[in-house]
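Each of the next two complexes has subunit A plus one more chain, namely subunit B in the first and subunit C in the second.
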Partner chain A sequence: MYEFDWSSIPGALPFLWEGMKVSLEITLSAVIFGIVWGTALAMMRLSPVKPLSWFAAGYVNLFRAIPLVMVLLWFFLIVPQVLRGAFNLDPNTDVRLTSAMIGFALFESAYYSEIIRAGIQSVPKGQVSAASALGMSYAQAMRLVVLPQAFRNMVPLLLTQAIVLFQDTSLVYVSALADFFGAAYKVGDRDGRLVELLLFAGLVYFLICFAASQLVRRYQKKLNAHVAH
Partner chain B sequence: MSYQWNWGIFLSPAASGDSTYLGWMLSGLQTTILLSLSAWVIALALGSLMGVLRTVPGKWLSGLAATYVEIFRNIPLLVQLFIWYFVLPEVLPFGLGDRFKQDLDPVTQQFVSAMVCLGFFTSARVCEQVRSGINALPRGQKNAGLALGFTLPQTYRHVLLPMAFRLVVPPLTSEFLNIFKNSAVCSTIGLLELAAQGRQLVDYTAQPYESFIAVTALYLIINVVVMTLMRHVENKTRVPGYLGGK
Partner chain C sequence: MISIDTVSKHYGSFQVLTDCTTQVKKGEVIVVCGPSGSGKSTLIKCVNGLEPFQSGTITVNGVSVGDPKTNLSKLRSHVGMVFQHFELFPHMSITDNLTIAQEKVLGRNKDEARDKGLKLLDRVGLKAHAAKFPGQLSGGQQQRVAIARALAMDPICMLFDEPTSALDPEMINEVLDVMVELAQEGMTMMCVTHEMGFARKVANRVIFMDKGQIVEDDSKDAFFGAPRSERARQFLAKILQH
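Coming up: the complex of A and B.
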């Protein structure tokens, strides 16, 4: 029977926390960038200008068809070269975190764009007509009338996607970047306690994601109750 | 800095001697497809069972199924995979873990762990789709089934499930696509599926762009083929009168 030995975890907590900070940094930057670029993509997709709409459709479909692991491998291959060329960086500079952030941001914006597009389309068409009857331009109608309503309905979905994204950040493991999971794996490997460290990592992810998804669910209920009145 | 393109690399003999680099790619593709399809069978079977349990009256069974879903949805796939592959063989009782490690060759161990992991991970998502399909049916259907003298299992078997499954084909299509994409995660435990073959090719040939372009193109092809097939299935199973129906 396997004998558990959890003693290597307490001493490793500061190191694990450093890893968790990396995970959270990647998540946060990708969520912010993903929502901004995703909104732009969604508006391009719905725009009457055909080339813009084709570009957005191509972008979204391409990123949604490729595994995240492959996207990350691409970015770890290309981004360092581009950055070094552009900023004359020392070849030894560690750009893995930057590559990961850019990779996640561009990948997730494809998913965010689909959520946001559905959100914009859920706003009744009459709203746009009413706005233009009031003399607003298309841009004004979008910014002042459509997007505020669309975003309010979308918040739960955007947050749920952020939870998925947080889980996906563990895949930076393919670049040996020490995020929370990478840190846990390293400690387990070093101490010969992989079993305990992997179970611990699973538990931490579960607690964070479960708590976050419960909060989102509660918020969703509140939102529904508000709309119903 | 200029990159030396060399597409002929795929036809040159691979380091393993017995095949070309193209052969590596194709064997990776084969593993990816085999892995995804076998995991999909597990996901559908388990997911349907759990989805039904989530809708049955009685707190115990539906609570059990809800817990199952939360566990598999709130732990990253990579962590789940490592737990199946590294942890489970260590902690399984009755020497089952030792038999897994001793009796199976490493490639089979990787494949089985990856298949079970992907299957369980996806089953939690299938479960939620099946549940929402059952819940989307008018309540009268179930009551009518029971009023006709069907038992509850018979009502599910003959009334609810045939309709529910037809309703959830479109969302299941996207889960089916996801399982192919998620299978790339299994390269992390050393399973030589498509993404792993691509990385191995980079290590051996130093031609990263050709390799990654080929792998990416193969994933795109898988995506298109699956979508085309599923669109056909969706058209066949569409329910007239329902959203998206004729």
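Coming up: the complex of A and C.
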């Protein structure tokens, strides 16, 4: 019978925390970039200007039809060369984190743009008519009337997507980047305690994601109560 | 004030408006009625360019609505519009609903916009609700706020698109009272409505539409006394028999 030995975990906690910081950094940057670029893509997609709409549709369909791990590998292989060339970096500069962040951000934007597009379309057309009738330009109607309502409806979905994204950051292990999962793997491999470390990592992921989804659920209830007035 | 000249509109092969022609003079109150699908809402939305039209011309205060060179936003900021479903902004307080366009479109400062908004809110009898959100008000109250919001822009005329047809019966009068008062003060108004009591009380003329055409355009006495067309007679018989 396998005997568990958890003794290598306490000493490895500072290293694991460094890994967790990498995971959170990637998640946060991808969420922020994903929402900004995703909003732009959604507005292009809904735009009457055909080329913009086609570009956004193509972008979204492309990224949604490719496995994330492949996008990350491409970025791992291509982006470092590009960055080094563009900014004249020392060949030894570690750009794995930057390329992972860019890969995630571009990939997640495709998913965020679909959530945001649905959110914009969930705002009744009459709201735009009312804003226009008051003399607002299209941009003002979007910024002051449509987007605030759309985002309020979308917050639970955006947060749920962020939770999925946080789990997906573990895929950066393909670029040997020490995120939380990568750090746990390295410690386990070093001490010959892979099973314990991966069980521990799984528990941490579960606790964080479960707690976050409970918070989202509570927010959603509050939101529904507010709308039901 | 408003001049509509041989306006036609179609969606694909479906003709929505056919050669509509009429005028609204300054201070006049016009009621537009007709069966559903007759194009009356479409016609009123053409007046401030919310609906595009393919031929004919509409001018409001001398400005051509269909002209691509016209600054539609600027024109609309002077033409008040009230919608069937109120369309207050649900994420803003009543006060913000009343001030946002004054500030962002007319460039008024915060205090000025607020004073104006609250004065109009008081006028429609809802001063106590300034800090509430639209979802906390009844339909009739929301529609009165919507009228105040339009008036806050100092409009040269007001368009009403079935302002009472989404309301419960007991709330219709509170909205009509505000509209009657407005009419008696000399506001130029074009109202799509089935409220014939309102039409009898304040309308100068009644326009009857059917299948995208203006079938009748007459003084209210002539319209109610002896409608010229068979279709208008039938329509009146239907809505007045209860």
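Convention: the second predicted complex is superposed on the first by the 229 of 229 C-alpha atoms of A that agree within 3 Å, B and C clash if a C-alpha of one lies under 4 Å from a C-alpha of the other, contacts with A are read in each partner's own complex, and residues count from 1 in each chain.
The rule we apply is simple: a contact is a pair of C-beta atoms (placed from the backbone, for glycine too) under 8 Å apart; a residue touches a chain by one contact, two chains touch by 3 or more.
The shown structure was predicted, so the numbers you read here are calculated from the model rather than taken from an experiment.
*Asks:* Quick one: classify A:G126 as touching subunit B (first), subunit C (second), both or neither.
*Replies:* The answer is second: A:G126 touches subunit C but not subunit B.
*Asks:* If we overlay the two complexes on their shared chain A, which of subunit B and subunit C does A:L41 touch? Say first, second, both or neither.
*Replies:* Neither partner.
*Asks:* A:L159 contacts which: subunit B (first), subunit C (second), both, neither?
*Replies:* neither
*Asks:* Determine, under the contact definition given at the top, whether A:A100 touches first (subunit B), second (subunit C), both, or neither.
*Replies:* neither
*Asks:* Subunit A residues in contact: does subunit B have more, or subunit C?
*Replies:* Looking at subunit A, the partner in contact with more of its residues is B.
*Asks:* May I ask you to decide whether A:V187 touches subunit B, subunit C, both, or neither, giving the answer as first, second, both or neither?
*Replies:* neither
*Asks:* For A:V195, decide between first (touching subunit B), second (touching subunit C), both and neither.
*Replies:* Touch partner of A:V195: subunit B, not subunit C.
*Asks:* Quick one: classify A:A12 as touching subunit B (first), subunit C (second), both or neither.
*Replies:* It touches nothing on subunit B or subunit C.
*Asks:* Which subunit A residues lie in the overlap of the subunit B contact set and the subunit C contact set?
*Replies:* Overlap of subunit B and subunit C footprints on subunit A: empty.
*Asks:* If you look only at subunit C, which of its residues touch subunit A in the complex?
*Replies:* Of all residues in subunit C, those touching subunit A are 45, 48, 50, 73-74, 76-81, 83, 85, 87-91, 100-101, 104-106, 133, 135-136, 149-150, 153.
*Asks:* In the complex formed with subunit A, which residues of subunit B make contact?
*Replies:* 1, 70-71, 73-80, 82-83, 86-87, 90-91, 93, 97, 177, 180-185, 187-188, 195, 198-199, 208-209, 212, 215-216, 219-220, 223-224
*Asks:* List the residues on subunit A that touch subunit C in their complex, please.
*Replies:* 124, 126-127, 129-137, 140, 144-145, 148-149, 152, 226-227, 229
*Asks:* Show which residues of subunit A lie in contact with subunit B when the two form their complex.
*Replies:* Contact set of subunit A toward subunit B: 1-2, 62, 65-70, 73-74, 77, 81, 85, 163, 167-168, 170-171, 173-174, 181, 185, 194-195, 198-199, 201-202, 205-206, 209-210, 213.
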